[in-house]
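Common to both upcoming complexes is subunit A, partnered first by subunit B, then by subunit C.
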Partner chain A sequence: MPIVLYRVDERLVHGQVVIGWGSQLHPDRYVVVDDDLSQSQWEQDLYRLGAGGAEVVFSGCTEARGRLAEWRDAPQRTILLTRDVATMSRLAEGGALNGESIVLGGVHPAPGRREALTYVHLTEKEMADLAVIAAAGADVFGGDLPDSQRVDLDHLRRRWNSSN
Partner chain B sequence: MSETGRVRGVIVGHGQMPQGLVDAVRRIAGDAAQALEAVSNDGKGPDLLRSDVDAAAGEGPAIVFVDLQTGSCGAAAAYACRGAERRAVICGVNLPMLLDFVFHRELALDALVTRLVESGRAAIKAAPLAR
Partner chain C sequence: MSNGLPRAAVVSAFLRSFLIQGSWNYRSMLGGGFAFAMLPTLRRLFTEQPARQAALARHLELFNAHPYMSNMALGAAVKLEAEGADADTVRRFKLAVRGPLGSLGDGLVWATWLPGVSLLALTLYWMGAPGWVAAATFLVVYNVGHVGLRLWAFRVGLAHGREVGGRLAKADLAGWTERLQGVASMLLGGLVGAVLLGGDGLRAAGPVWVGVAAAAGAAGLLVGHRSWRPAAVTVVAAVVGLSALGWLS
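For the complex of A and B:
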């Protein structure tokens, strides 16, 4: 079973993902790719509370790159989450996410970020990283919920440019 | 009664729900609602939400009331209260629980948490209806 959703969302395993996306995609497993969380049992326990009974796997980015094929080939329906663009970008290096769709969700205001969508704010580096991910063959778009309008990367970039 | 030592309440939740609950307490209990502060997750990332909860809880004893245990609000409350002896988190906040809270803030934190969990649960029931 392919990984059914790749998503960048600072909140990781939370209501919008578990209820909004999960009710449509019916995941058996969430894979959280995050170097810090993969070392923190307390935080892992906290995030597991929100998974609605699905398995939650925490993995550092390097380990995750080595396990992508395993997760894609497994029978479980998997949602893969990162909480920042940088981690998704590292995961995508070398075309590892070629042909996959990557949804941008909750990326909130922070110093150096500009609004691309009400729920996506990006720095110049993050916007550049997304372009690299897309150039390597991934379909990158904004979408907070599965029923909301998909916002393609080009459109997202234009809105980001105009929010100077 | 002096505010010293009395427990403060922080309601953290989705959208306008926290402020709505504070407004509801104010309409029923009047100035006692001043013991409550609303923190919405609207437009906030995890770090900002956590720091807002932390600031609202302040230095004294505080209970952070959360709408959903799972998700960004519950996580922010857990992070803000982790390791803090004078803070507690109650998930699944409802209006009866808050009304009980504002009139019993003089209780010790542990006793108050136990009481509020019970009063919040007790308020959830199916109403008897004539058929």
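For the complex of A and C:
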């Protein structure tokens, strides 16, 4: 079973992912790719509480790149989450995510970030990274919930360019 | 003293938690209320203005969870700040804990405790208890659970700090939610029965409404345990309420 969703969302395993996306995609497993979290047991304990009984695997980015094929070939339906664009970008290096769909979810305001969507704020570096991922063959778009309107990267960039 | 803080500061944080939704907004959600509840603690821990302002600013950031369960994050944040945890640890803790506290609290309180206690009060009323008894029962029982949950969550947070995950898993709130939903489903069946049999109830409204109520009761028995939703309870409560007012009879 392929990985059914790749998502960038600062909140990682939380209601919008578990209830919103999970109720449609029925994942057996969430894979959280994050170098810091993969080393932090107390944070892992907290995130696992929100997974609604599904398995939660925490992995550093380098390890995750080595296990992508394993997760894609496994019988479990998997949702892969990163908390930032930088991690997804590292994961995608060398065309590792070509042909996959990557959804931008909650990326909140921070210094240096501009609004692309009400729930997606990006720095110039993050916008450039997304363009590289898309140019390499991945389908990158904004979408908070599965039933909400898909916002293509080009449209998202125009909105980002015009925001203050 | 608690965690090196005067008891008054800890009690003040708990009391202020009742106002945690007071400045709710789409940008920071509970952030303003959380910072307000943290203020007595931060005043005692940070005597220099720049440090105090920096601490206050990090608690003003976006935070969202169920308002009662957010007390667990509040208690833990008080402990972390009192122990001198670095700002990044406090921020990462609040980021990680808000999801579980939101989903567990929503399921336990909004989807179970509130409609369940409402059903209890309505059932009492339809069994013949005076209206004030039903209203007082609702207010007392609901708030025993409400305040008890706030207090328990705050104490767990204060005792365990960032390690609340293990304690929260052991508490099995999802299991309690399921058990309470079973009780609430039983109350829903009892309420339908009381409405059907009550002299001033649907029986007086005529056979059509009796048929509708019987069908609703049968559907509840067959699939109610699988489709328990606050919206369904609201509809039943509205029908019963309207009937009680004589609008359907």
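Quick notes on this structure:
Basically, the second predicted complex is superposed on the first by the 164 of 164 C-alpha atoms of A that agree within 3 Å, B and C clash if a C-alpha of one lies under 4 Å from a C-alpha of the other, contacts with A are read in each partner's own complex, and residues count from 1 in each chain.
Here is the rule we go by: a residue touches a chain if its C-beta (ideal position, glycine included) is under 8 Å from a C-beta of that chain, and two chains touch if they have at least 3 such contacts.
Everything quoted here is computed from the prediction, not taken from an experiment.
On the superposed subunit A, the two partners subunit B and subunit C do not both fit; they clash. In the superposed model, A:H14 makes contact with both subunit B and subunit C.
Between subunit C and subunit B, the overlap after aligning on chain A sits in one stretch of 58-66, 166-174, 202-210 or 220-228, namely 58-66. Touched by subunit B in one complex and by subunit C in the other are residues 10-11, 13-15, 18, 42, 46-47, 49-50, 52, 108 of subunit A. Within the complex formed with subunit B, the residues of subunit A that make contact are 10-11, 13-15, 18, 42, 46-47, 49-52, 83, 106-110, 118.
On subunit B, the positions that touch subunit A within their shared complex are 14, 43-48, 68-72, 74-75, 78, 82.
Across the interface of their complex, subunit A is touched by residues 62, 92-93, 95-100, 102-104, 106, 162-166, 168-169 of subunit C. Interface of subunit A with subunit C (complex): residues 10-15, 18-19, 36, 40, 42-43, 45-50, 52, 108.
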